[in-house]
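A short write-up of the structure that comes next.
In this document, chain identifiers A, B, C and D correspond to the written order of the chains, with residue numbering beginning at 1 in each.
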Amino acid sequence: MSSMMNDPMILRQIIMDHGQNPRNHELSKDPEYKEKHMASDSCIDDIHVQAKIKDGKIDDVRFDGVACTISTSSTSIMSELLIGKTIEEAREIIKNYRAMIDEKPYDEDLLEEAIAFQNVGKQANRIHCATIGWDGMEALIDESEENHD
Amino acid sequence: MSSMMNDPMILRQIIMDHGQNPRNHELSKDPEYKEKHMASDSCIDDIHVQAKIKDGKIDDVRFDGVACTISTSSTSIMSELLIGKTIEEAREIIKNYRAMIDEKPYDEDLLEEAIAFQNVGKQANRIHCATIGWDGMEALIDESEENHD
Amino acid sequence: MDVKRIREDFPMLKVKSKKGYDLIYFDNAATAFKPYSVIDAVTKYYTNYSVNAHRGDYELGFTVDTLYEEARERVAKFINCEKKEVVFTTGASFGLNQVAYGYAGKHLQPGDVILTDEAEHASNYLPWMNIAEAKGAKLEFIPLDDNGMITPEQVEKMMSNKVKIIAIAHVTNVLGAEIDIKEISRIAHEHGAIIVVDGAQSAPHMKVDMKDLDCDFFAFSGHKLCGSTGVGVLYGKYELLEDMEPMLLGGGSNARYDMCGNILMKNPPYKFEPGTPPIEATLGMKAAIDYIDAIGMDTIYTYEHELRDYMLKKMQSELDNVEIYNADVESSIITFNIKDVFSQDAATYFSDKGISLRSGQHCAKLLMDVLQTPSTLRASLAFYNTKEEVDHFIEVCKSINKESMLDVFF
Amino acid sequence: MDVKRIREDFPMLKVKSKKGYDLIYFDNAATAFKPYSVIDAVTKYYTNYSVNAHRGDYELGFTVDTLYEEARERVAKFINCEKKEVVFTTGASFGLNQVAYGYAGKHLQPGDVILTDEAEHASNYLPWMNIAEAKGAKLEFIPLDDNGMITPEQVEKMMSNKVKIIAIAHVTNVLGAEIDIKEISRIAHEHGAIIVVDGAQSAPHMKVDMKDLDCDFFAFSGHKLCGSTGVGVLYGKYELLEDMEPMLLGGGSNARYDMCGNILMKNPPYKFEPGTPPIEATLGMKAAIDYIDAIGMDTIYTYEHELRDYMLKKMQSELDNVEIYNADVESSIITFNIKDVFSQDAATYFSDKGISLRSGQHCAKLLMDVLQTPSTLRASLAFYNTKEEVDHFIEVCKSINKESMLDVFF
């Protein structure tokens, strides 16, 4: 892992960049995309997450909605990270991301830019912002597998 | 006023006597009797008071129901006191009885046996027992006057 | 159990009556005294984090939110259920109304039957009477046996495919009889009915295990459990909570809504908790549960029943002026009268001697038709009561009669 | 008003944030801090007379009953009404639900109209939405003016013989706008409608006089008034209380009932108060009212408005990174955003610097369509806030931007 990724300035810039210019930030009308509406109970984050999952592979991830910087940015990074991954790979990444948020051991290399959120637990009330998009994505993956059982 | 009436033993006996052998303790079916149902909110006293009032005079008073000694006895004494009185006389007696209960100056002579309840204020939570029958009677007098207006 | 030491925890046990007697509190079924730890929990809220719950916009808000949810978790552990099955209410009365209105009101059809009985508290009777009337359903009464008990056999006899809901108390409040909920739940479910349990009098005095009882709803109050007034719990199986309408709507219980009349409600338990909750009371209830569990519910149960046996035997052997109505019932309550003295007059006399007893119809007004007396006295014990208190009570009983009871007025 | 001395009365004002900052609490519209006198009133209940209310069977029961009714009398004096018009509730949310369910639910006919507006708190909107749907009635929205205000003129225009109920806030919770209830009451009555006022945000900050406002129902919460959580008040004109169905049934609110389904309810306010009430919270609310009246509501009003003016002017003159949404509204609230920073991110930053602000949609989610922003920050002031706190707030505002707001995570 690049040591640059340990530089707080870099990490901040990653969050800001994705917060202001979120990637994959437009929903698709293609019926192959499945969608989850994630409305946080305790804050105003209200996003829609979409994924196109085929043959055990995540072809695309999209999202949109009203949300704070932390949730917008973390969802944007998630989308970039997971596009093109297999379901197994995606699950591993999600697992490691959650471990990081919970301040448990995790594999930095798998998380790439997502490690920018390594300190979000410092503001415990913001953890849900850093995970809302990830939760939506995980639910979509779960559903895609159920449908193939 | 007889000094006997200052003897607590006598007063207790008056309460007990009326509590155990209440006078006028049977309701009438005569339609000339008007009736009030007095059910205390805060205890189980639940009595019916009847009065036959004609031409400004209280011809008869009756009552019945489930009630503690204090309310049974005080209502019994009330009935004896008010039968045969004019409405004006009855109002004067009721006013003095209330004054006594409230520990204000009152005319002993008007109250006769009712002064047995002079100390009921010592047990403030029992005041409503000592007045429930009187309240019913006053309501009946009020109504009799309204009907003649 | 070291009752001397336990009594040190309760400031109320140091209070004296007007006439200087030690306070003997035998009205524990009405509400229980609070240990210092409960008072401290409430005070701590006021002095350390006195902000609103349900929001984490700032540090203290998050703190309170976390404590509030910890209280929910603590309750779940106390009654052995999932955290998400714990709805905070304002007391047993609210919980029972919520189920009647929001579950029965949604599901009952004309002709359906609600089974209840004549030993219920008004809070577990009137809501059912009301919803039955609104829905064209019928209330039917499970006959009480000679001891005022409801037995599974009697319930079984009452069952039909019309019975949709059984609403009964776990422990009745006048006689303190413990009803076999586990078996009645089994019968209810066998017939496709649900069972709603009024746990107001059981939760404070015995282990209540939702998994074991297998009831569908269970309501109780914090204040009878040595906690604050104004708070309570409604347990419901999660599918049933999902299938129940909230009685109240307002800020906090909805996730989203718009002007076209669409509301997206939160999931249970939150959809039943609109508005600012009784925060300090909830934290107080948590402290009470901690306190009670530290002593041990089984220990409490054993102690209270022993003390009640002691009292009952003394009343039966030393007094000839009392009539006891529930001598044959397993209970921590004694329901009785002083012969020739109306209950309320007797209660005033007891009070004058420092003893707090409940008189009257105890809110289970119907039961009086069964006991055949217009009113009774009720002595309800708690784990902080003592044999010495019972002894004093016996002496006072001896001194009451139809003449002496007037002493208090002279 | 000596704010230094007043601050001594509030233990919360001695609390420090995690990072050691003095706590600056600007979320008073959510709930207010409690003075020692309130805490003492609650503690006194627990330690001196911790028994149930509503019964006078023994000394302490009578004491509590008396204190409880004194609290009712105190509230009546506070809002200038009759004691019997004061219903104790668990908060504003409950009171509003009670009126929607028990009054509107009883009287509304299909086609009737309930007037409300887009600035209402969920607790004064969702119950109406719900009952309108149940009764086939319609909700119509009084247009807000440019300042988010509801004017009598706008109400007048909306009136018709179909309008049966007007449900509006006295002071709105997002903008803090003071609505002319007195005049709107007049208009309502002229058209044969009743007016239900959500006083949650007015009762703590200005004189509310029921005789003068002449509204029909008025609901507020104790906790926003420096009192306990879990208690509130519903005022209703007595004839209307008599004509309203209780939402809850249970012990204490009925005088008598039998097994044939006949209930004899108590008279108002008692028929609306079944179950054990939040006793210590009610006594706490009384102490809060005593405290507030001792300072003087007019004094409080003037101070809070001066402080808000001071804050507003400073924000307008010293800051270029804020957008203010209610600058033209008489209020003790400032609703704003930091440019380029999402409200919740900003709130976290403020919190990190010791400042408690509310972010989000403040439960008046609809209003956001009017303000045209998905969310805002809300600083709501109380009489114990100071200019020094405002000054610190201004400094913190200066330091926030889209980059610095991430400091809290690093």
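Here is the rule we go by: a residue touches a chain if its C-beta (ideal position, glycine included) is under 8 Å from a C-beta of that chain, and two chains touch if they have at least 3 such contacts.
Predicted model, so just to flag it, every value in this text is computed and none were measured.
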| item | value |
| --- | --- |
| Chain of greatest Cα-centre distance to chain A | B |
| Inter-centroid spacing, chain C versus chain B (mean Cα positions, whole Å) | 39 |
| Distance between the centres, which are taken as Cα means, of chain D and chain C, whole angstrom | 31 |
| Separation of chain B from chain D, taking each centre as the mean of its C-alpha atoms, in whole Å | 47 |
| Per-residue overlap in chain D, given as positions that touch at least 2 other chains | 55, 57, 61, 256, 344, 348, 359-360 |
| Where chain B touches two or more other chains, by residue | 43, 125-126 |
| Category of the chain touch graph - line, ring, star, complete, other | other |
| Full enumeration of touching chain pairs | A-C, A-D, B-C, B-D, C-D |
| For the chain C and chain A complex, residues of the former touching the latter | 54-57, 61-62, 65-66, 255-256, 264, 266, 270 |
| Residue ranges of chain B touching chain C (in the complex, touch as defined) | 8, 11-12, 15-16, 19-20, 43-45, 66-70, 117, 119-120, 122-123, 125-126, 129 |
| Complex contacts: residues of chain D adjacent to chain A | 341-345, 348, 352, 359-361, 374-375, 402-403, 405-406, 408-410 |
| Touch list for chain D against partner chain C, complex | 11-12, 15, 17-18, 23, 25, 27, 30-31, 33-34, 38-39, 42-43, 46-52, 55, 57-61, 90-94, 96-97, 118, 121-123, 125-127, 129-130, 133, 139, 141, 221, 223, 228-231, 247-252, 254, 256-259, 261, 263, 274-281, 344, 347-348, 350-351, 355-360, 363, 365-366, 369 |
| Parts of chain B lying in touch with chain D, wherever the complex brings them together | 39-43, 46, 124-126 |
